[in-house]
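The same chain A turns up in both complexes below, where it pairs with chain B and then with chain C.
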Partner chain A sequence: MMKGRNLPLNQRGLNFEMLMWYFTRLSALAMYVLVLVAVIGALLMGARTQMNLADVLRWAFMPNSIHVQSTNVPDLAPWATTFWKVSGSLMLLLAASHGVHGVVVVLDDYFAQKWVRQLVRALSILFLVPMSIIGLYVLWTS
Partner chain B sequence: MQVTLKIFRFNPEKDRKFHYETYTLEAEPTERVLDLLERVKGYHDGTFTFRRSCAHGVCGSDAMRINGRNRLACKTLVQDVGERITIEPLLGLRVIKDLVVDMEPFFENYRKVLPYFINESPLPEDGRERLQSPEERARFDDTTKCILCAACTTSCPSFWASDDYLGPAALVAAHRFIFDSRDEAAAQRLQIVAETSGLARCHTVFNCTMACPREIQITKAIGELKMATITGKLD
Partner chain C sequence: MASERNVSLLRGLRYKGEGPMLTFILHRIGGLGIVLFVTVHILASFLGGKGGQFINAIYEHWLFQIFVYFCALFHAINGLRITILDLWPALLEYQREAIWLEWAVFLPVYGIAVFIILRTALGG
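And then the complex of A and B:
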């Protein structure tokens, strides 16, 4: 019989690198869910007849009422609820961090020197934080 | 049958750059590529250099690229690769001469994962071996088959990009000891393989699994290490 061998949490090597590895996989799954919710929501609220494919995709990836202002949707109120703002914010934060971390991983293949890798990480954070803040500002003030 | 061998050649004492030389040989379809290489060295050009030892797929010395794929020359039959065969050294390691590459970066990464049994506990009272059930032994059986030929590591794009990536072979060695119920250094090894140039740099390309001449399920083993870092389960 095999006896259970388990390591306590602090001995598993679960460092930032591995956490980001898991985050990248799980955030991809979460984004699929958010896209499905947004597309189904858009269809229920009139996209079937009043939006073209580009509008539906914009809604899927950034569910925000300003994305339907230029379409023929007569009533913007259902689009501008807290639910969609939260959903949009989640999509923004997950997509931005998932994408930027992906770029960092790819660039690691091109820069083996430790200081260059550190620089890439610092630049990626410098890019990620302001872009996320600007995105959140647009989402919550529109 | 007549076989055309196109072989990567580089002599650091004469050449500034590598080149290819072509040899045409008579061969049986059931002959091994290693036999053809021996014939080239014996009858065509004695300066042709390559590694080989046991010639039976156990020592792992003669890993090389055969028609673009990492294989052991001693386990590859002519009939499996056709009449036109291109032979090149392993990728991602410095070529010393012809098919001989500098294996030191490979072994340096291998040494990092502490590839040896660690158990500081006192021996069993009867003074005999530390017992293990067949199930416990089976847990890491696949990764005991590694012969350190480097076919996996040198087929991995992450290793091509950076020498400091531990590489599939080192991770296989880590798996072999981490999941051994008698070993006591699993936590230490998991810390090592979870570092920046370890597990997270495996992008599940599966080149290693396809290249392994021992058919070790390497990507699966690396996946089990990744899971161990989050669940802590070692059985």
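And then the complex of A and C:
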């Protein structure tokens, strides 16, 4: 049994893993909110354009105007406003950090050596930062 | 801190974790599938051109769509269950009921989409 497992709440302290435990759950809730906002937006802006479920969902997961290019939407302008770019950027950053941390958690279950775990963490940062920048670049230049 | 594993693969496979274990494994597969898809998708839309179109063709294939939709939907629904039960631990007592509820939501939503994907892909 791990030491400290049964410590009362006020003696457990706050460390990075604990914060990330909260972040994983709270970012999930935040992404649910963002998806809901995007669905409502798509239903408002896409009404009368025969959007099907797949088009709405594609927009819901990432509100980027490229995602409705191939639909019957007559004007892309309302789909490419700053509001949707900020919303999409939030989705990207939340999803990327949630996902990369998730990969670290999975890899920790298979590698117990300290140096491998540190390597995994270093590689995860090296992966997260450029991918976030590339994603933001795509979002804001499209 | 770091735990040494002395459980063989065979023994691990025979572990009878039942419903909760299944959701745990599917949650991992789903999460890794999403990471894979999102990474490739971001790179493809960044590169564009011939390479981007080639990668687009892969994930527009109906087999890939069925896979990635499973990953996204299961991870989202199971993640919501984990979030709710973890943030309100009193509910953990009803974990198995929550998992049954989760399947009751997941199966119809996933099944209808797979039916439509297959009908579009094969029926034309």
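By our rule, the second predicted complex is superposed on the first by the 127 of 142 C-alpha atoms of A that agree within 3 Å, B and C clash if a C-alpha of one lies under 4 Å from a C-alpha of the other, contacts with A are read in each partner's own complex, and residues count from 1 in each chain.
Simple rule for what comes next: a contact is a pair of C-beta atoms (placed from the backbone, for glycine too) under 8 Å apart; a residue touches a chain by one contact, two chains touch by 3 or more.
Computed from a prediction, not measured in an experiment: that's the story for all the values here.
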Request  = For A:11, decide between first (touching chain B), second (touching chain C), both and neither.
outcome  = first
Task = Could you look at A:77 and tell me whether it touches chain B, chain C, both or neither (first, second, both, neither)?
result = neither
Inquiry  = Applying the document's definition of touch, where does A:112 land relative to chain B and chain C: first, second, both, or neither?
reply    = both
Chain A positions touched by chain B in one structure and by chain C in the second = 2, 112, 117
Query = Quick one: in the complex, what on chain A touches chain C?
reply = 2, 25, 28-29, 32, 53-54, 61, 66, 95-96, 99-100, 102-103, 106, 112-114, 117, 131, 134-135, 137-138, 142
Remark   = The residues of chain B that touch chain A in their complex are 133, 135-136, 139, 157-158, 161-164, 181, 186-187, 190-196, 198-201, 203, 226, 228-235
Note = Within their complex, chain A touches chain B through residues 1-9, 11-15, 17-18, 20-22, 105, 108-110, 112, 117
Touching residues on chain C, where the partner in the complex is chain A = 1-5, 28, 31-32, 34-35, 38-39, 42-43, 45-46, 72, 76, 79-80, 82-83, 86-87, 113, 116
